[in-house]
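The next part holds the structures, each set out as structure tokens.
Same chain, two partners: subunit A is paired with subunit B first, then with subunit C.
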Partner chain A sequence: MSKGSITAEPPVAAAPPPTAPAGRGRYLTGATFLLPAFVLLGVWLVYPTVYTIIRSFFGANGYLGTFVGIDNYKTLFTTATLVRAIENNAIWVAVVPALVTAIGLIFAVLTERVSWAVAFKTAVFLPMAISAFATGVTWRILYQQDPDIGAINALGRSISSLVSTPGVLHTALPSTPALQTRNGAVVLKAPLQPGRSVKLGLTGIPPQDVPGGAAQAVQPKPRSGAIDGVVWRDFKPGGGKSGVVEKGELGLPGVTVQLRDASGKTRTAKTADDGTFSFDSLPANTTYHASIGAQTFAKPFGGYGWLAPKLITPSLLIAYIWIWAGFAMVVIGAGLAAMPRDVLEAARTDGAGEWQVFRRVTVPLLAPVLSVVFITMIINVLKVFDLVISLAPESSQAHANVIALAMWRTAFGGVNDFGTGSAIAVFLFVLVVPVLALNIRRFKREV
Partner chain B sequence: MKNRVVRGVALAAIAVPLALLAAGCGGSSNKSSSGNTTATSGSSSNSSVKGSVTFDGIWTGAEAQSFAKVIAAFNKQYPNVKIKYKPVGNNVPTVLATAIAGGHPPDMADIAQPGLVKQLAQQGHLKPITYAKSAISSNFAPVWQQLGTVNGTLYALVFKAANKSLLWYNVPAFKQAGVTAPKTFDSLLKDAQTLKQSGTPAYSVGGADGWTLTDLFENLYLRRWGQQKYQQLSAHQIKWTDPSVITTLKDMGKILGDTANLAGGRNGAIQNGFNDSVTNAFSTPPKGAMVFEGDFVAGVILSSTKAKPKTGFDATPFPSITPGANANAVEIGGDLFVTFRDTPAIRAFVNFLATAPAAEAWARLGGFGTGNKNVPASIYPDAITRATEAPIGKATAVVFDMSDEQPASFGSTTGQGEWGIFQDFLRNPADVNGTAQKLEKAASAAYKSGK
Partner chain C sequence: MAAASPAIELPAPRDTAAARILRFVAKAPVHLFLVALGALWLVPTIGLFVTSILPASALANSGWWQIFSHPSLATWSNYDALFHNSGLLSSLKTTAYIAVGNTLLVVIIGSLAGYAFAWLDFPGRDWIFIGVIALLVVPLQMALIPMFKLYDTFGIFDTVISIILFHTAFGLPFAIFLLRNFFVGLPKDILESARIDGASEMVIFLRLILPLGLPAIASLAIFQFLWTWNDLIVALTFGQTVQPITVWIFGQLREFGTSIDVIAPASFISLVVPLCVFFAFQRYFVQGLLAGSVK
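Take a look at the complex of A and B:
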């Protein structure tokens, strides 16, 4: 990585001019003291920066390679993955600095008023003490879609289980085309008349999901004035014949079968251990529809795809804000502590409400501190890299791409195209420079 | 390159536990050892060969010790040649580039990247090993000479090969469904349907790692179209919009198309990495029934699940599509031995490495496969290793991993090129033509810039 191009540190202030004309010796002493700094800056900042800028006009391989003009920059703005990185970075810059500053401000003001302020501040600041890479790995686990692994989706499952319970046979599928799935229920397509015995075969049920007590399935004999039938696991090793109740296939006990007549009246029956069910004393010459209710097949909460392409960038932003809110809170809190209390008191004495005090007095007085936080966050966010590479799974990384990650991937992570990699670095540098300039100007003003 | 690292670690992991298991089986592995070492002639001409050979290799730890056994077997025949092995780890390309730039390359090196061998040969850094032709042709199928040949000259010996054309399956899940290891693609699809009906999704896919998907495509392509077309596609001599690619993408769609037959559904397939796909398929109860990947899967199963060889998990060759040579073709990850100098000592060592005793010295320890057809399957220390490595020696058609032979931006970079496009294909397996066009666009851009 070209270290020179993405540094946030302001340059060392120029040595003040000597106040009095001095001899050659004083210059020499001064130069001797400055030399180590100059050498270090030259080797680690100036040379890499200059080399990176020059390198960005040359081809992929070698110390310089062949001169290609601005081709690398063209590549940067025409390759889909790189354009996506630029777009994503724009989202980051638009969202993160503002939210981090706002949340930091709220926390800072609130912690002035709560007991256990120290504990609260420590908890909020703690993420700063963890490396961004470890944070990324941790959040990746939290975000996992499988509720058995990801804590966030596990919470979602707990909430959803209050509303609905998953069906006992949630993996089951109809075994023959005579049955079809409609609105989650398994429905026998053809209408029925009394005197029939029907077969409701299900497959896709793992042995461990078969309800306890299940016995060999039996197809009941038809009886006049009644509809009988069997619900069974229409599978035996090797597959068996679908739609046929065979030896070795188990009935599914405890399944609720519904029978609806033409008027919409619904009867229900539960299956026995061998999977049989019966509806007795049915008036003749009426047609019925048999089905197994949707509740039996209700899928358990499967979790949200926090790490899937659509949600990956918002998920990253949340984790990033979690890290940096503590930093903002501490800096703004320091600003608050240094604020003259008499001004606040004066405002309150003049009859201002708490919201007015906050809005008209506290925030304006804190403006310099807020802008420090805001600008620092812009620079941080432009350079974001470690969180993205550690949190986003590889199948989503193309969708989560940011400029610094794109630079690394292009230059080192497989492609080994140093020309385009340098061009991306230069582009990032150009983005950071105006923000840095702003920062430096403010530093000077404060001095 | 992540896949290489993962495979390296997994391979290292497989050798030890499998060897231990074999030891537990009553040491039957030693029976065959005496049979084939009789080739040692010990004639006086051998001891007249003197000198030393420096050798830079990937292997460290247990693997380096195994290679030391190969060297010891060599020294039985050539007592006066000293082999100085230096374990470099996965940095071999970097170390070699530096050594060549400094003018002091080792005498020999072990390179896992066929592309690098080609590059070094074209730059004139390698010495031909044409003197080993007769030894290689009497021990290997002709294809192995091709694999070590650059522009018509033989430069490399593929000493060690890892089988990547395998299907790993959960034995209890197969038993429950009443199916056996599928031999052909059609029976694979039929068995997959049966597995689904039994309640276990058939396929456990690690789509978060793009290379698992390219490996699946490559095996399907090799099985249907054979070695020659495979190599043409590797070199981009046929386009990715070619009808052959379309057909293979459709084959792949038959596997990936049914959400209900993927472990964890489509979302699970795309979010699980290679390791997840293996643990999902071999934990109890299993979330899927089979995994398509190379011999290094065994290491992951043994280290992160409780499944036992044969009773819990087993391996079978990737199901065949077209009968004939394609049916037993093998995609390998190979260790290519190259030479930077030409001395009698080096010649003696290269010639020895091409013989069966050299391969057997390591094969009986496990974690090793070879194309040497004179190595008996019984030499492998356990049933799983025999199932995964013996097919390599029997194959008449052998190819390297295609994505390792392509420009990196197309073949092996996260989120772009083949890896990224196949992940999009996994999200939407119906989009066969769009996928082929995206692949061709990315491939031609990568081959044009050569990076």
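Take a look at the complex of A and C:
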């Protein structure tokens, strides 16, 4: 509901021939009616605009401060967070107006011949009445990273559990330096030759994560022509010695052990209840590498950091589109309702399919309405502020920065640099003017 | 829209029950798609409401959807606590003052000027009007720094009136634009006969223009009310102890996780009033929106 949603298109041509009291009195009457508006517009809009433009060439403090030329503008285009704000706003402008217009068009067309359209339209339009600030709070609840708390990540976890299951030992770590973690797998550093018995000890496994059926771990005796070994929980209550299979330590059943020879050929074996595994009939004089596969240690879905610096801008865009889709839908829907039915019917009678009618007739006829929505959204997006400051946590705000937020933070967010703040405001002004001027030109044409 | 579709389907030879069912089944995917989307659009707001009625202890380890498995967790205690919170109560009062005060001022000043631009004759009228419309391009960010200084100089920083006047000034270009266009379309002969009868301009304005212009004034009033009720940036800049509800909640955001039992219900309270206004005056709201974007 920003005033940016308004475009100037008054039917000035329809102005009636002026009829008013004659003589000097008419100046006086006009002045009385206009005076309050002029005072407010003069003091709150005209004077500030002139002042801010001048102020942008002066230093940080004072009513004017020292003249610094274009230094504030240099600061604007060279300071990392401010450049980031401009880049982010460019993303906003590139993504949001097009998507909002497209979604609005789709919704408007789909609901056109549905009997319960009012209910749908109300649901989609609802966010327009809510403050952008409260929307930020609302979406911040949905975006929480912990899948137990954030609804979107909870959904993500449900979907990911269909595709992959977390590893049985996702918390485990190697117990001795002889083993190391590589690409998620636990690898025995030293190469092996047949006739060896290897110990793959793991720690960091909470009791409830030990697979069922686990029995006392046993280290197999070496056999010639074979590589045997044990995977076990190298820990017992009280500690125990690491790297030694002791009484009270459990074997880890069901773990897949991989053995790769020099040619890259890989064999696998599963561990028994006591943690033992064996690879038989191995040719001698070859070296092997043993490892426990990465799938054993696969972490459960931990949630995406929607509010973290990397994803914060896409998250904001989604919430913003959620707000404005209803606006586009209602405006485009009104355009659709006002469309000449006979043109559509004629096209259908001529044998055009629904898709052809949509593309060749509906969209071209709606073009003026679509462009109004598009331009309105550009202006709104350039001024976006409330949503960013309420949805993005403090730690992500530098990454989520946009021009209006940068302006406010520079001028009032502790730094209180009125020079650079003014320069950012002027920059925003310069961006908004040509977009709105498009509409004002159309308006003047009608005069 | 609804009236147009049966007319299109009339040529169907015989509208049997079977044909109707067939038509419904053919459209079933569209219906399903719309139901899913509509539900999706409601989820965030429902999530906020459910969060607001759960105790903080329940929210520490589980999301709001736990209410579906444990409906007994629901409680009004968060709201109870808030309605005994003097900070929240005074912020609600401040919000109401700002929203109502601004709406009244914009409507009064805007319709006076709109009337002058529509029905009074003075030299350069249309050019001055274009000048006022041109002010629509000024983003409020342009005025934050100068007005901050000016308010400070005149000692009205951190007052309700300073926030109201800022909103009013920035609401005027659109208000004048909307009302002038509506007033221009009012029947000319009524006004002229009133003038011939010797009614003063002020009487014409009060007795004729205001009642006849009510639909446009209602749209404008709703927009202004929602705009100021939902505002954050103006109040955040010019208020310190004067805090409307958005600013008050903003002050709690730093501790988002631990204060969620305050933030969620307070946010919900803040959006109940706009929602009621929206539902009560939906027609005017949409009209205002369309007046602004399409003719």
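Assume the second predicted complex is superposed on the first by the 286 of 447 C-alpha atoms of A that agree within 3 Å, B and C clash if a C-alpha of one lies under 4 Å from a C-alpha of the other, contacts with A are read in each partner's own complex, and residues count from 1 in each chain.
Quick note on the criterion: a contact is a pair of C-beta atoms (placed from the backbone, for glycine too) under 8 Å apart; a residue touches a chain by one contact, two chains touch by 3 or more.
Note that this is a predicted model, so its numbers are computed, not measured.
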First (subunit B), second (subunit C), both or neither touched by A:Ser175: first
Subunit B versus subunit C as contact partner of A:Val163, first or second or both or neither: neither
Touching partner for A:Gly239 - first (subunit B), second (subunit C), both, neither: first
Which of subunit B and subunit C A:Val114 touches, first, second, both or neither: second
Which of subunit B and subunit C A:Pro393 touches, first, second, both or neither: both
In the superposition, subunit B vs subunit C on subunit A residues touched: C
Which of subunit B and subunit C A:Gln208 touches, first, second, both or neither: first
Touching partner for A:Ala284 - first (subunit B), second (subunit C), both, neither: neither
Overlap of the subunit B and subunit C footprints on subunit A, listed as residue numbers: 144, 393-394
Residues on subunit B engaged by subunit A in the complex (per definition of touch): 1, 175-179, 193-194, 196-200, 207-210, 260, 264-265, 267-268, 270-271, 273, 285, 408-409, 412-416, 419-420, 423, 449-451
Of subunit A, residues touching subunit C in the complex: 1-3, 5-12, 14-16, 18-21, 26-27, 29-30, 33-34, 36-37, 40-41, 43-49, 51-52, 55, 63, 107, 110-115, 117, 119-120, 122-124, 126-135, 137-142, 144, 148-151, 154, 322, 325, 327, 330-331, 333-337, 341, 345, 368-369, 372-373, 376, 382-383, 385-386, 389-390, 393-394, 404, 407-408, 411-412, 418, 421-422, 424-426, 428-429, 432-433, 436-437, 440, 443-444, 447
Residues of subunit A that touch subunit B when the two form their complex: 60-61, 81, 144-146, 171, 173, 175, 203-209, 234-239, 242, 302, 305, 307-308, 393-395, 397-398, 401, 409, 413-417
Contacting residues of subunit C [partner subunit A, same complex]: 1-2, 4-5, 8, 27, 30-31, 33-34, 37-39, 41-45, 47-48, 51, 59, 61-65, 108-110, 112-113, 115-116, 118-122, 125-126, 129-130, 132-139, 141-150, 165-166, 168-174, 176-177, 180-181, 184-185, 188, 191-192, 195, 201, 205, 223, 226-227, 229-233, 236-237, 246, 249-250, 253-254, 256, 260, 263-264, 267-268, 270-271, 274-275, 277-278, 282, 285-286, 289-290, 292-295
